[in-house]
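Here you go, one structure.
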Amino acid sequence: MAGNILGEMFRVVSFGESHGRCIGVVIDGCPAGLELSEEDIQKELNLRRPGTSRITTSRMEEDKVEILSGVFNGYTTGAPICMIILNKDVRSEDYESIKYTPRPSHADYFAHVKYGGYNDYRGGGRFSGRITAGFVMAGAVAKKLLKKILEVEVTAYTLEIGGEKAENFTLDEAKRHRYENDVRAPTPEAAVKMKEKIQQAMLRGDSIGGIVECTVTGLPVGLGEPVFDALDSDLAKAMLSIPAVKGIEFGAGFKAARMFGSEHNDPFIVKDGRIDLEKNDAGGIVGGISTGAPLLFRVVFKPPSSIALKQKTIDLRTREETEIIVSGRHDPCIVPRAVPVVEAMTAIVLTDHAIRYGIIPPVIRNL
Amino acid sequence: MAGNILGEMFRVVSFGESHGRCIGVVIDGCPAGLELSEEDIQKELNLRRPGTSRITTSRMEEDKVEILSGVFNGYTTGAPICMIILNKDVRSEDYESIKYTPRPSHADYFAHVKYGGYNDYRGGGRFSGRITAGFVMAGAVAKKLLKKILEVEVTAYTLEIGGEKAENFTLDEAKRHRYENDVRAPTPEAAVKMKEKIQQAMLRGDSIGGIVECTVTGLPVGLGEPVFDALDSDLAKAMLSIPAVKGIEFGAGFKAARMFGSEHNDPFIVKDGRIDLEKNDAGGIVGGISTGAPLLFRVVFKPPSSIALKQKTIDLRTREETEIIVSGRHDPCIVPRAVPVVEAMTAIVLTDHAIRYGIIPPVIRNL
Amino acid sequence: MAGNILGEMFRVVSFGESHGRCIGVVIDGCPAGLELSEEDIQKELNLRRPGTSRITTSRMEEDKVEILSGVFNGYTTGAPICMIILNKDVRSEDYESIKYTPRPSHADYFAHVKYGGYNDYRGGGRFSGRITAGFVMAGAVAKKLLKKILEVEVTAYTLEIGGEKAENFTLDEAKRHRYENDVRAPTPEAAVKMKEKIQQAMLRGDSIGGIVECTVTGLPVGLGEPVFDALDSDLAKAMLSIPAVKGIEFGAGFKAARMFGSEHNDPFIVKDGRIDLEKNDAGGIVGGISTGAPLLFRVVFKPPSSIALKQKTIDLRTREETEIIVSGRHDPCIVPRAVPVVEAMTAIVLTDHAIRYGIIPPVIRNL
Amino acid sequence: MAGNILGEMFRVVSFGESHGRCIGVVIDGCPAGLELSEEDIQKELNLRRPGTSRITTSRMEEDKVEILSGVFNGYTTGAPICMIILNKDVRSEDYESIKYTPRPSHADYFAHVKYGGYNDYRGGGRFSGRITAGFVMAGAVAKKLLKKILEVEVTAYTLEIGGEKAENFTLDEAKRHRYENDVRAPTPEAAVKMKEKIQQAMLRGDSIGGIVECTVTGLPVGLGEPVFDALDSDLAKAMLSIPAVKGIEFGAGFKAARMFGSEHNDPFIVKDGRIDLEKNDAGGIVGGISTGAPLLFRVVFKPPSSIALKQKTIDLRTREETEIIVSGRHDPCIVPRAVPVVEAMTAIVLTDHAIRYGIIPPVIRNL
């Protein structure tokens, strides 16, 4: 039991359900003195909001954040920050059918067994992607802290959807383009092809998977507390907590299985009088510690489980096989909306580690 | 700071250095009443011990476990279990050279910065693969608990080395063959090819990476505490804590990026009167909860950083570029020795979750 | 930083401020299947609500609980339970004066220094006794669990106020009388004398301290996880977290300093065929473990710091000495309203330990 | 389960048993760069060692510390520090009798039930006062850190034994005298009377309780993380974790129950141009935060349970009443030997909070 708190010094508590009264989050451990408004949070929330294009679910949610505590006169106080968004466009009747005929590869059945049938199954309840709105709210605070105190910037984008992969782009290009297109691709060319892939899947009543890549610039050497709270360990934990993520790899990642040490090793060089790395196959982490090079990792999202095609399932009442067509409004590909979620979780982990490493202080002194 | 404790109810504390007095571990939270002897631990330790074949480091360590606490009259008492192995075959002079010329892609330099130069750099200190002996000691206890109480079995093997991949084998074959060959491959054919790959790398003074696959059978539905302490989240954290691991994927893993939902989804079926899954692309975890299907994941190990080839590095005294040839005794491929480490970390996480889920009790009643 | 989460498996997260939007709490780790309504919570909240008699603050708060998550169809779901009460009768202007002239023995100044001046000082902010409403909400859930699963009952009452001490009463009498009188005394006679003491203090514009005693019946042998998470250790931590508590003692408590071992030791006897203790000077805990005898401890509350008498303080602007008369609506004695808070914190700690000890399961099976 | 780890950022892990192979401790989170030798630890250990006077147990233990990890070239490395003392003067046969006839008010029986009979009962096992040697080892490191980085000094002494109370002494006198006498009293006069009390109890074959007072100077304003990790909350938890402690009070403590607010409140004054407090009835903590005034608290120790007088107990085999005379070598009063233990636990909690508050850095820069 009790798995809804992440972090040691910057602690994020997740609560709320897809079709309950709200989605919420508490941050325990945010330094005092950070200028913070609901607009700061809203801006980030809007980036994951559904209903903004033809390739996302048509569920329309305003997702308007309310800060309930921890902010006074426009600054964080050092007290826990509770933030919620109320659920409004809820059509729970869409989900009554799944009560007894669990959707394949959704958590319905497994949660039913685990929680003895008491779980709120409407819209997937706690297992809905909607709970990541809470991650984004907490991440918005973390991103602001990282930016202000350390000039650290977290940038995620869609690297691949359904086999269509973005290639030959710089981080600057990615930053410029990713929010210009519906799929959050780093180049306009990739965006077109990825969108096509999604539309093809939609047309079939199917869904499609993809990969998000995340880069973080500005990290100093030394974040991460090996051996168990290594930076990559905690990032991996955080990423796998995002619904639909099935894997993570850092730097060269799985390709390292086919590399020689002489290829994979990143030689030290001196650049502009400073110690640097010639390349970054490590993805910015060695021995669980940030290397000063950009953090670089990729997470894979499975295709959404909710599809409009007929699927085999079982009827929990009769315990016999039956079929299901999942109705309701679902994303054919979760990757575009997951981009800000990956950024949020990354920022949360980095903030926690920056506090542990003593480089974000308990009080921010503004002049 | 303070990152050397893993788990919530079955807590593993790692200590010790490669060339210090010992490698050790404390388990806080092991149930009372588990029959446990040093032989139980030694058996597992022997599987990762170096010096047992031509393709591992020639450092000869007896790695003889001593249980210092927590066991009385042959049974665990419920008190913390401390176990150590003394370091014996230590040649620290091998490492004096790295003090000022850090080895590329090893933690030497980054640890030097993080710990202000106070870290024990000999043999990599806390960043040596040798600390995983502590993981294996704790894992041996966890494996015994899982086996006895839940009939859960953890099986890892080498799936791929340097592009040579084992194929077409059953779990039973993997169990039968993996400890018959030096590389821990699941088939004799793959073993031959993988060994060749390692020998080629060795001959060049180079190293090579690979992939370990891990399967767990016997898990009930319901392990894992979403959203942050999801089973895959905690497994990912534990795996990335193993030195040299650069990624993890569950079930179909990164392939899911190119799959449709209709392909990836695992349909429910009824088999022998019980609810089951037709296939297992989820890798035994959905929504962060075990599905009752075998747990299945892969972790990628980068090629060992220590190679006998000349590499670029910097001299910390002059802050100028220089070259280094890493001497000392090193594994050309860490994957074979990592197999029992992956099993150990898996067992630790599963035991922690089984206790949290209430299916391993605080006291084991033996008749 | 980050000190607002209590417990390991039944985790209570406190948030909210005295004059902010709300007081709230999240419980992470409540078992699924507990029947729970807002009425269950409200009943307990009403017992600490101010404004119910002439001897409490005249601040009138409805303190109406809203359950925001974690309950579905009248039962807990296993998901985090967030509960809030909105602040309504807020007169923040009362507090503007304290911004620069901190109230002696209130947290104003110390919080000002700690949080760099960013803390919400209105009504004491996070340091107000009002935040204990959150403790009571969480405690109501804990009490219900303890009662239902273990038949454990937590009973606190006012033992002493201003030197007037209740004497010669049984637990049954205490249960019967404590909510019949304004001061929560276990006997009507004591109630009269205690009330007089409070009224005397009020008349002077002063405040007065007292002692709450807490008894818990029905606990089995074995709760508590020594050495650091001993049952008394965790109860002590929880009690000292209640504003104004300055000490705790178990069983014979501080009197033990003047006792011989032959007096203090509780002999084992056989009673009705069961192993029992002849007396209970240990207060139900030995070696950090519950003994099966009633848990018995006392906590002392200092007199409220806010008094209407003139006091020395300093002016933070001039850093010179000045005087202050604290206006606003304050309790002359916090003890009566603290009684349900002590019960709540006790129940929270016991529930956490009962889950850790495996005697409250993750799912409550109702028929 | 799993209760042997204390602290969030400076984590102390306790292991070992009275008659097992060793008593030990791991510190996870000690900053790198602290000069540390076995002598530093030994010095503190010697202060609690038994066998040094006629009024302590005649068990002779050398209690020689061995540092197993975390220290290199005379400085801490930032890695976990494991320290042990081997048990030598072990006479386990003394304890075979208690296996079936539990000693009143000792943990024997309750541990037997909790751990299903698997606990190591020899010498009380984990419930022996001997495990506090581990606390002292960790505390020695904490004290050194506090002294070096913050000039914080922790001073405990025996305030009262069997009703004989030390009076009219200054902190300087206490520091000067406490280690000049066997009972660790702050004045020579009190020492004589306290020693008499102990000897009287000894002569009767009995034991006697007492009170330790602890003062900490040099703390800045702001340590403590309310609401649950308040400084007094965490100190209370740590103190109640010391075997035989039955209560704690801060500042005026239980006397506050009979005080008016106008008496108890500590007025702010200006002294030498700095904001100060006129008196210190709060004991250096208000609202869970250190006030800058000396920390001041008292803990009460019950008389040791092991006495040479005949006591009622039960026989676990027959479940009938019987009698027991506890043999073995025991302290007639634990208070004198507990003085360094109280200091150690205090230092551990303060160090943890100083790190959390950002005033002890991850690396100590020595020139």
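Read from first to last, the chains carry the letters A, B, C and D; within each, the first residue is number 1.
Note that a contact is a pair of C-beta atoms (placed from the backbone, for glycine too) under 8 Å apart; a residue touches a chain by one contact, two chains touch by 3 or more.
In this text the structure is predicted, and so the values were computed from the model without any measurement.
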item: Partner chains that chain C and chain D have in common; value: A, B
item: Copies chain C and chain B - interface residue numbers shared by over half, same or different; value: same
item: Chain separated most widely from chain B, comparing mean CA positions; value: C
item: Which of A-B and A-C has more C-beta pairs touching across its chains; value: A-B
item: Whole-Å gap separating chain A and chain C, where each centre is the average of the chain's CA atoms; value: 38
item: Interchain centroid distance [CA atoms averaged], chain B/chain C, Å; value: 46
item: Averaged-CA centre spacing for the pair chain B and chain A, given as whole angstrom; value: 27
item: Multi-partner residues of chain C (at least 2 other chains); value: 1-5, 8-9, 14, 114, 126, 356-357, 362
item: In the complex, chain A residues that touch chain D; value: 8-9, 356-358, 361-362
item: Footprint of chain B on chain D - complex, ascending; value: 1-5, 7-11, 13-17, 20-22, 24, 26, 28-33, 68-70, 72, 75-82, 84, 114-116, 118-120, 122, 125-126, 355, 362-365
item: Complex contacts: residues of chain C adjacent to chain D; value: 1-6, 8, 12, 14, 102, 104-107, 109-111, 113-114, 126-127, 131, 160-163, 201, 204, 206-211, 221-222, 224-230, 232-241, 243, 246-254, 256-270, 273, 275, 278, 281-283, 286-292, 300-307, 309, 311-314, 319-321, 356-357
